[in-house]
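After the structure tokens below, expect a handful of questions from me.
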Amino acid sequence: MSGGGVFLGVQGVSKRFGGLLAVADVNFEVAEGSISGLIGPNGAGKTTLFAIVSGFQKPSAGRVFWRGQDITGQPPHLLARSGIARTFQIVQPFAGLTVRENIAVGAFLRHRRRADALAAAERVAERVGLSAELDKPAAALTVAGRKRVELAKALATEPRLLLLDEVLAGLNPSEVRDIVPVIRALRDGGVTVLMIEHVMQAVMNLCAMVHVLAQGRIIASGTPSEVVADPAVVEAYLGHGAATRLAGGAHA
Amino acid sequence: MSGRDLLPILAFTVLAASVPLFVTAGTVLNFLIFTLVIALAAQGWNILGGYGGQYSFGHAAFFGTAAYATALLQLRLGVNPYAAFALGVALGALVGMVIGFLSFRSGLRGSYFALVTLAFAEVFRVLANAAEFTGGAAGLLIRLDVRPANFQFADRGTFYLVALALVVAALIATRMLERSRLGAQLVAVRENEAAAQALGVDALRVKLAAISISAAMTGAAGALYTQYFLYLDANIAYGTWISVEALLAPIIGGAGTVFGPVVGAVILHGLGEFAKSLVGRVPGVDLVIFGILLILVVRFPPRDLPRLLLRRARP
Amino acid sequence: MRSYPPEIVLEAVLNGLLTGAVYGLVALGLTLVYGVLHIINFAHGALLTLAMYAAFVCWQVFGLDPYLAILPLVPLFFVLGYLVQRLVIGPASRGDDSNILLVTLGLSIIIENGLLAVFRSDTLSVQVPYAMEVVEVGAMLLSWPRLVGFGVAFLVAALLFVILALTDTGRAIRAVARERTGAALVGIDVGHVYAVTFGIGTACLAVAACLLLPSFYVSPRVGNAFVLVAFTIVVLGGMGSVAGALLGGLFIGVMESLSGLYLGDSLGQIGIFAIFILVLLFRPTGLFGARA
């Protein structure tokens, strides 16, 4: 099986840590221009899968294809150069730098000159709603602000594929409502998005395609409403009896 | 880089360059030249340690390599002193790159990086002390031949200006680094290596560039030392004293800032002289003070002082 | 390279083993502190020097035999180490690794140069009747002070093992080493355990100093000679591994003895540094099955 022509293809990927199989023979594809979701209970292997796709970890088995090329095991900085950006679940701003400088680190990937990188950083800041915070130290922002910086840094590398690791976690409902249109606008601007997310409301809202990971395996793939209706998903992911609650909640 | 970025450096240059107009006492100039040599070595440490967050305990490896190379090229091969100086600096940078490549490729950081740099410097010291080629324990003496064409000056004031020119060049280079892509990437690697890599930063390449520039600057200090004192042995060139001084000055003056190393070198050696004037020439007293100062600066970072004082002032 | 008759080589190996045990003791303190506090104590060498001067003063001022000086110096250095961690390193580090690096470096600068200011750079040594005594084993001559050092070093290691395995303090130390937050949650005073560990590490140095003094000189920088050796041992044996420290010590002692025999003393040092650098670069987790 080759990955020719696929935008992003994950083929038979497994990752073993000692005796623990964190990711087990995972296959899925991401279509260009889509927003896809990767959901599943804690410890399902979602973040490990992200780390493999973005080059931070090598899979124990399997391959990752990116726009027709085998990129398995390539280091993260080369993948970033070729258009794959990621955010981190635990946001990692460069503490000693201002918001503008934080974003500029990403922008320097495509812009050699400082003035160009700073200008690009400002444009990105506008897209994610950080224009007012540009000169603040990144460490001084609220959680929501830091999440936006995390997003802006990744965006500044001008990615074609953006891997978002729980950018909505820890935000209150109104903050979530604010950031959902930002993500949709990214897709409309030509960035393909693959997101790990626990906030189901946002997943239902944004994703065309959802893959459900449980104990390292993909147990379901489909549209959000399909996977939510899947009894296997309901049992594995939402717990016993949740199907009824969800059915009730959908009409509320 | 804008004119505003260079203004403080210009002001410092004018101020420092006018010193020989007022001061002619040999001992004072001697003290100032030595302080400039330390400031230059410290600026080198600051590039890697201050901006890059990689704390080396063995910058003597670069200082000493350039110092020995400058002396040996003149003594053994009859190379022109200026060319020997340049080659010495280049060799220092090369040693930096090699040590950096070996350490960073193995993923060494933090204490491990400090340890391995310390060990490299010690290996060089033992080798230089034992080898006949480097003059062994007796050291090397450069023939006194006072001619400007020979990088030897009759007047201490002239040498002071030469040392100052090198320090100013290092200040400008540091400011340029701050305003460059490499500088931004270096700070990003210091703050969070994984996050930097995710943004396309080639952390290994960035750290290698930093250690090479760093080693070149500290090497320049070593070569300058050779030309000024015209004498060298393994304990001077590769001794822990220079590794420690190169680290102390930026930490005390402000690591990761353009002027930190200069400020730190002046504070340290000012204090050292002051201590000597108080207790006389008791060996080690100045370093005891440096050590106490180091711990105090780490305990109470100067940038937090205003906040700490305010808190104390309140009832 | 010269060639030697086998009994000379064997003698060198045995003498290396004897010295190596004391090296192992120095490394034991370092590795214990690393294993529990996760800090590399750059002041370790300077604290050893301080202990050697303390033993020297005991001998010169009070006429106390270095081996007997172990009795007062062990509690003294335990308290010293406890206080240094509690009052200086702990507060000043503020939980940041590079701060710890700098604070312990600062301590070593203060101790070394304080000793230099008081005692000047002269090398001092004690004269004890047994300094030159040897024990004949077959055709080989083994130094008596080194034999004592070997025995006591292993005794201390065994004692330490018992303390760690059987006492409440030892259990608390192991709990903190394994899981600091968890230990704090079940009510262990982590700051106290840190300081106790540092105190034990420093007390090991006091023993090592007393064992070294009869056959070694003292100078303000003498600790440096040992500290790189100790770092090498710790890196070789695996950071935080007690058994690794002893095995590493023996190995390095033999290496040093043999390279001294074949290369001469000054170049012999290079052998140790070369091992150190190679292990750091290529096997930073240690050779003897270190912990993950």
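Each chain carries a letter (A, B and C) given by its place in the written order, and its residues are counted from 1.
By our rule, a residue touches a chain if its C-beta (ideal position, glycine included) is under 8 Å from a C-beta of that chain, and two chains touch if they have at least 3 such contacts.
Bear in mind that the values here come from a model prediction, so they are computed numbers and not experimental data.
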Chains in contact with chain A and with chain C: which ones? B
Argmin over chains of |mean CA - global mean CA| returns B
Distance-maximising chain from chain A - centres being C-alpha averages: C
Of all chain pairs, the one with the most contacts is B-C
What whole-Å value do you get for the distance between chain A and chain C if each is reduced to the mean of its CA atoms? 50
If you average the CA atoms of chain A and of chain B, how far apart do the two points sit, in angstrom? 44
Whole-Å distance, C-alpha centre of chain B to that of chain C, is 32
Touch list for chain C against partner chain B, complex: 39-40, 42, 88, 91-94, 97-99, 101-103, 105-110, 112-117, 120-121, 220, 224, 228, 231, 235, 266-267, 269-270, 273-274, 276-277, 280-282, 284
Residues of chain B that touch chain C when the two form their complex: 53, 55, 57, 102-103, 106-108, 110-112, 114-116, 118-120, 122-123, 126-127, 129-130, 240, 244, 247, 251, 282-288, 290-292, 294-295, 298-299
Help me check something: in the complex, which residues belonging to chain A touch chain B? 54, 56, 75-77, 80-81, 85-88, 92-97, 101, 104-106, 108-109, 112-114, 117, 153-154, 156-157
What residues of chain B sit close enough to touch chain A in their complex? 179-181, 184-185, 187-188, 190-192, 194-203, 256
